[in-house]
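We just call them A, B, C, D, E and F in the order they show up, numbering each chain from 1.
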Amino acid sequence: MSKGIAHYQVGETFDDFLLITSANKSIASNGKPFLALLLRDRTGEIDARLWGAKKEDETLFKKGVLVKVSGEISQFRNKPQLKIQHIRQALEEDGREVKQFVEEAPVSVEWLEDQIKEFMFEMTNANLQRLTRYFVKEYNEELFTYPAATRNHHNYVSGLAHHVVTMLRLAREIGGIYPEVNKDLLYAGIIVHDLGKIRELSDPDSPEYTIEGRLLGHISIMVEEIQHAASELHIEGEEVMALKHLVLSHHGKGEWGSPKPPYIREAEILHQIDMLDSRIQMMNTSLQKTKPGSFTERIYPLEQRSFYKPLFEME
Amino acid sequence: MSKGIAHYQVGETFDDFLLITSANKSIASNGKPFLALLLRDRTGEIDARLWGAKKEDETLFKKGVLVKVSGEISQFRNKPQLKIQHIRQALEEDGREVKQFVEEAPVSVEWLEDQIKEFMFEMTNANLQRLTRYFVKEYNEELFTYPAATRNHHNYVSGLAHHVVTMLRLAREIGGIYPEVNKDLLYAGIIVHDLGKIRELSDPDSPEYTIEGRLLGHISIMVEEIQHAASELHIEGEEVMALKHLVLSHHGKGEWGSPKPPYIREAEILHQIDMLDSRIQMMNTSLQKTKPGSFTERIYPLEQRSFYKPLFEME
Amino acid sequence: MSKGIAHYQVGETFDDFLLITSANKSIASNGKPFLALLLRDRTGEIDARLWGAKKEDETLFKKGVLVKVSGEISQFRNKPQLKIQHIRQALEEDGREVKQFVEEAPVSVEWLEDQIKEFMFEMTNANLQRLTRYFVKEYNEELFTYPAATRNHHNYVSGLAHHVVTMLRLAREIGGIYPEVNKDLLYAGIIVHDLGKIRELSDPDSPEYTIEGRLLGHISIMVEEIQHAASELHIEGEEVMALKHLVLSHHGKGEWGSPKPPYIREAEILHQIDMLDSRIQMMNTSLQKTKPGSFTERIYPLEQRSFYKPLFEME
Amino acid sequence: MSKGIAHYQVGETFDDFLLITSANKSIASNGKPFLALLLRDRTGEIDARLWGAKKEDETLFKKGVLVKVSGEISQFRNKPQLKIQHIRQALEEDGREVKQFVEEAPVSVEWLEDQIKEFMFEMTNANLQRLTRYFVKEYNEELFTYPAATRNHHNYVSGLAHHVVTMLRLAREIGGIYPEVNKDLLYAGIIVHDLGKIRELSDPDSPEYTIEGRLLGHISIMVEEIQHAASELHIEGEEVMALKHLVLSHHGKGEWGSPKPPYIREAEILHQIDMLDSRIQMMNTSLQKTKPGSFTERIYPLEQRSFYKPLFEME
Amino acid sequence: MSKGIAHYQVGETFDDFLLITSANKSIASNGKPFLALLLRDRTGEIDARLWGAKKEDETLFKKGVLVKVSGEISQFRNKPQLKIQHIRQALEEDGREVKQFVEEAPVSVEWLEDQIKEFMFEMTNANLQRLTRYFVKEYNEELFTYPAATRNHHNYVSGLAHHVVTMLRLAREIGGIYPEVNKDLLYAGIIVHDLGKIRELSDPDSPEYTIEGRLLGHISIMVEEIQHAASELHIEGEEVMALKHLVLSHHGKGEWGSPKPPYIREAEILHQIDMLDSRIQMMNTSLQKTKPGSFTERIYPLEQRSFYKPLFEME
Amino acid sequence: MSKGIAHYQVGETFDDFLLITSANKSIASNGKPFLALLLRDRTGEIDARLWGAKKEDETLFKKGVLVKVSGEISQFRNKPQLKIQHIRQALEEDGREVKQFVEEAPVSVEWLEDQIKEFMFEMTNANLQRLTRYFVKEYNEELFTYPAATRNHHNYVSGLAHHVVTMLRLAREIGGIYPEVNKDLLYAGIIVHDLGKIRELSDPDSPEYTIEGRLLGHISIMVEEIQHAASELHIEGEEVMALKHLVLSHHGKGEWGSPKPPYIREAEILHQIDMLDSRIQMMNTSLQKTKPGSFTERIYPLEQRSFYKPLFEME
């Protein structure tokens, strides 16, 4: 098996299996038609072009299909691109499965489930614990398959749960340092804050925004759901309002999509550690592909900055 | 009866009945205590100070109490202020009632009710009509007593309904000009867009923000309520989502409290005519108190501008 | 006759007459030369490329020429593009005229003229009426041929007058709701506010910015013209200054080109309904080309938003 | 004669003649009335309060009156304030004149006149020279009496001419360094750029904004005047448009009141040296009152900065 | 001993010892002089006014003096104020010491020293460890006495070390979650990032900005010092540059005083946890003084927000 | 010899020597490989493409190599591009030297050296003079070879010294007008303000940002160097701090890279004339290539404006 598409340099020849994650018929600026493919294995993605594609090629090479490809890695607009020489659908006898080509969280689903259970077990406020348990049960499958975002950070299978668990670990540490922080409220907020993405996005594997997602957004969707859950569970009291507020304000300010900024301590902390974890993830992903002594590509959500990897990281 | 507090000039002596709308014990920068009152009649409000107030005065002169006051109108920090010489509670034999001292919409409640009924009658989409009717019924009393805002514009009894009717009239004209506009959706959005204020504010007479109002805001409150109403009425279909979106986006952008900007034509129009009507109202209120050939005071929500009243307005 | 260029889908074959609205010799990134044409009929525009164009083609296929074209509709950078197979100049015997290919206001010039006359007739302030009449007479031809903008909204023959009349209708409604609004000043402001565009733009058919337009702008040009007209007509009094102010401030703020923000009530209203009408127009133009259940392309002057066309628009 | 009001320290006793530049009846937060005066001599201004002022005091102590005052210099809200013990109108036998109490440019009017003549003499483009000469003649008196601004910088008699001459000197140096700069256009622009202030402000001595000034602004006023002058002088050609553009754009951007940013090289230079000269003036005024080793008060138009006066300025 | 000044309500009478932290002669808006004192004990601060203060009072009641005070707690401009009835200097026989009246970190200096030693011990990169040790030794006394800021957060004795240790604990947790993070660089950056404040501020007890602090800022001061330390220790290599960069960029962006934004992963993390810890501290300080069911005062560095303390915090 | 590459029009044929300033292997959107060259002579630069380049071509045609090229000037994305027909390395017998192809300051190095000496001679403050002399000596070679920027302005050999001398001339004029300005401090600040670029950039001929330059920036680098120089020269006193501040603040505000805005008068002036000179330079460069009656290309650092060259510039 090859070393993984992420580790090929420009000029090298690739010859192995890949999964098609998107396929579009296109036309070059000189009028020549081609099939633009996005191909991936577990290590990463690459753009590819199949020149002179025929009608039947469009039927064969669609999103979700496993293919055997060979070609040269070239450079196009500062990004690597695979110029396809040969391509064919994977056959049964090749013995490949889609799930081998999909990126996963660097930890197991079981561990994530255990972690979340453990944190819920630490909670003592009955209202918050019941609300949290309701949602973990309701969305049990999605929580452990959805990514945390369509791109940028934690954009892999069970990325959502991975993001939640990392935030919970930071929250526990903060609670250790500052005992006045209400860990129950903070844990509950962390666990549910992004669950609205399950309705905002179409599906866990190649998620796209739904119409509801674009018109209402995951924040408003989730606030509604908390109200619904509270009614179902006959929970009253400020915990319901507080939890809605944590979800509502977790983007931090109006320009970023929160109709109210954080007005409760735990809401502010939730916003800060959400940002902290997603930023570390994005930097790690880019730095991993960067040699010591050089800069990463620009990372858009980090104000388009490039990050330097020091030489002393080498040893 | 006097000419109304709004029409007194600095230097004149006032002697008539007024309603206390707020009362606070305070202390001057030189250490002297006083009772700071906000007094009103149907024409407007004035700040007043009762120097050397005693313990029992605090009990007598509270929010909601009618009083007979005399004193001189002076100027303090560019605003008129009444320096109280005599003050006493109104007696039964004085024959005054609180409702005589409260500002009302310049049109009658009956007319507003008729208007809203008429516009609802024009609607043809059953889902939207039923949702709208649900809320007009549910909040019938509040809709015709609440102000549209705690201050700035339509801040008088039934100001909310008055604002809604004005917007509906503009919407009808726009519908006449542009037949492609969906009047049903636009009417429904106008009627419900600010109903969340009924939970955001404490009461119609001297409204203050509730805790729920500060933490969730009238927009999120109303989105929840639409979801609840749709469930109750067993309405499904995009009308529910579209109506939620109109409410959600009616402040126009994130900085102004909308988690999503308008993404439906009627949502954009709703936002525009909401702004148009509130702005005209604010200018009218200030210009009414201004002599031709001079400028109004600064109007804060209008980017702190002063407006000029031309001399040819005189005739 | 074909169904109109705006209604062709990618993959279809086009074969009909079109008008060339711009023509540029260009070179592809691979060095191959082509003629980039912008072609239109009454329903809309399409980009087209003539590959391998010769010297004489440049002479034949110029801006303003009617052509018969056939070719396939393909997709290039998210926009439809016509790949030309055959092209020839239209012959006399084809019986086509340029004016058949130019978009016009959806109402007749006569109706627009009548409307404007009627609104001027409603005015009672002699100074404002005379100033307005002066300009309608002076620019009678241009007012009913110029577009209101080079692109984005009302960018068709007599778009300027159409925009003015729509705004006048909204102004009349506002005047009905709020009698304190000075309709004379508002009508006068609406009629003249954009007349400076006649000097800012080169011509009504394929308008480009003039040097004077770029260096001074239509706002400053028109303020000068009002001063000139007032001298000619020996009009003095605040109406002249007020009308200048309405023109000066109609973009609303400094960042948008107004040296002063609106400081007169009618100036603020003028700005608001200018924005309202242009925004509705832009949304309508894009939504017309969009199927229910999907989003429009991004509309740049509307903060790059895409608008959703609900499914219940279908019936 | 005293050392000048600007040089008194808190705690010192003042006893000398001063000019009243504004007088307002006011009321303290404890209800006690006083007369708030702004008093000045050639060195600067001070706020003063006359406690327990009677009706007749309001008649005696008005803007423009010379008075003999004694009292103590105290500190109020971080600014010195004169607490008046005795005050009387100056008598004829006191032998004081208003002009002795008004700040003047640090250079003579004659020198300013000579300088401007000399610079005009250097000009070679006939159109620009004639336009400039027209305005210098038209506004000869005002140019040499008006301040350049109501406050902040060059806010003294003939401050306008002083500002113009300083800018001309910088322009000459720039022309020496960069021969491609069009000195004629730059000189003409500098001389006329602020002349609109003569109509924007009420009078040279205690200037206030006129209504026209607030609604149109000195920029639009002056553009009109250039058009008028060009007609009078029968000048055509791009010089007229270019000069208008220099005036129009001299505030640099929309937010600062220019409907167009500089689009001609000399317009950009004019904007830059206008800013440079006004900023140096403001810093000088504040630093003059500051001891080495300390910071000036905050200067508002300089982004509220305080400036440090180094110790080595001492020698 | 009393319950501590922070726990008094408006209307209560205070009678106990306090420390004067600032004293200024002032004058009320009605002209009456008073001595404005800021008084404190270990629980907090209160403004106080001594009306009718004499010359000798100014000598007796200065910054740093312990006094016995009695008086009533009143309300002035939304803040509590002590109206002094009696005041005298503390006598030897009263047995009070200044250090009993000064706020301290909620943890001991010894514990902070141990913690910092322990974290340094964890470091493995020799260059970074030596640089860090150099500064901890150099500034040993100041590190454990200076506050982290003059106000807002960690503004108490040894607040600087407390802030550092909290950040180190968060850094260790992050390092546990993300092994690719360079803990040595992050620890070193955390320990030295604010040491420049030692030169930026005058002294640990009542710190004011030095001239050097205002003109250069603690960031530039510290970058210089790292260069100096590296020369002294003969350390070369990218660690020096990286550490400078962490200090340089720790305010996150230009507007907040960093000449470069974070361009190294650990610099970004340092900035984020600096913000996280200071924000939690500020919220805690305000919430501590707030009753469940109500909002804190506005916290300026947190975008002027007020925070709600939920009722369920009560138990 | 040809007329210089800057003076060729699209459509003309070029055949002369040029210097390669950058060379990159690339691939067109249709997959065809080419060598992208940037070629220059003393008059300017042009992009060029060598289609079908072979392996050996990459070795022959590298940065720094002189070549003889022929080809046609075409237009690509609004910029001229040379389509190479023939290309060969220059031979010894061609008699060309690299330095003939590099742009230089329009004045001689000797004159620049004399000027700087003369200005230093005018200084009277010993500390500032010694510090300045130290750096002029230390960086004597680089000061007279480095550009002032990698692009935009003064981006030619000895552009740094040219920029400095122009600023010094403006400073002398300002000093003549305003005697209170400290010319010593201003001269010293001007001379050293950009010397940090020598370490920020790799080399004078084809400068690129160094890692240190990207992570620390020329401002922080230079502040360190002033500290170092002061230690070497045993200079103490506020001049050192003031000079650091001038360097630190010369970008004017945080967003532009200065950790402190100017807080000393001469720092503000330095910032203003730095901006003035660089802006004039950029406009001149673009206007030089523009015909009277037309606009320049957009100049990015000047807020993307295009500048108009008036027709009366023609004579």
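What to note about this one:
Everything below uses one rule, namely that a residue touches a chain if its C-beta (ideal position, glycine included) is under 8 Å from a C-beta of that chain, and two chains touch if they have at least 3 such contacts.
Here's who's who by UniProt: A, B, C, D, E, F = 3'-5' exoribonuclease YhaM.
Only a predicted model underlies this, so the values are computations on that prediction, with no experimental measurement involved.
Steps from subunit A (3'-5' exoribonuclease YhaM) to subunit D (3'-5' exoribonuclease YhaM), minimised over paths through touching chains, total 2.
When the C-beta contacts at A-B and at D-F are tallied, the pair with the greater total is D-F.
With chains reduced to the mean position of their C-alpha atoms, the one farthest from subunit E (3'-5' exoribonuclease YhaM) is C.
Annotation: the subunit A (3'-5' exoribonuclease YhaM):subunit C (3'-5' exoribonuclease YhaM) pair of sequence copies touches via predominantly different residues, less than half of the used numbers being shared.
Over half of the residue-numbered contact pairs at D-E are shared with one candidate from A-B, B-D or D-F, namely B-D. As a whole-number value, the distance joining the C-alpha centres of subunit B (3'-5' exoribonuclease YhaM) and subunit C (3'-5' exoribonuclease YhaM) reads 39 Å. Put simply, the C-alpha centre of subunit C (3'-5' exoribonuclease YhaM) and that of subunit E (3'-5' exoribonuclease YhaM) have 60 angstrom between them. Centres computed as Cα averages put subunit E (3'-5' exoribonuclease YhaM) at a distance of 45 Å from subunit F (3'-5' exoribonuclease YhaM).
Shown for subunit E (3'-5' exoribonuclease YhaM) are the residues that touch two or more other chains, namely 28-30, 211, 214-215, 242, 253, 263-264, 295, 308. In terms of which chains touch, the assembly is arranged in some other way, matching none of the line, ring, star or all-to-all patterns. Of all possible chain pairs, the ones that touch are A-B, A-C, A-E, A-F, B-C, B-D, B-E, C-D, C-F, D-E, D-F, E-F.
For subunit C (3'-5' exoribonuclease YhaM) in complex with subunit F (3'-5' exoribonuclease YhaM), the touching residues are 25-31, 211, 214-215.
Those residues of subunit D (3'-5' exoribonuclease YhaM) that touch subunit F (3'-5' exoribonuclease YhaM) in the complex are listed here as 125, 127, 166, 169-170, 173-174, 176-178, 180-182, 185, 237-239, 242, 253, 261-265, 268-269, 272-273, 275-276, 279-280, 283-284, 287-288, 295, 302-303, 305-308, 310-313.
Listed in rising order, the residues of subunit B (3'-5' exoribonuclease YhaM) touching subunit A (3'-5' exoribonuclease YhaM) in the complex are 211-212, 214-217, 219-220, 223-224, 227-228, 241-242, 244-245, 248, 253-260, 263-264. The touching residues of subunit C (3'-5' exoribonuclease YhaM), counted against subunit A (3'-5' exoribonuclease YhaM) in their complex, run 28-30, 32, 49, 51, 74-76, 81, 83, 293, 295, 308.
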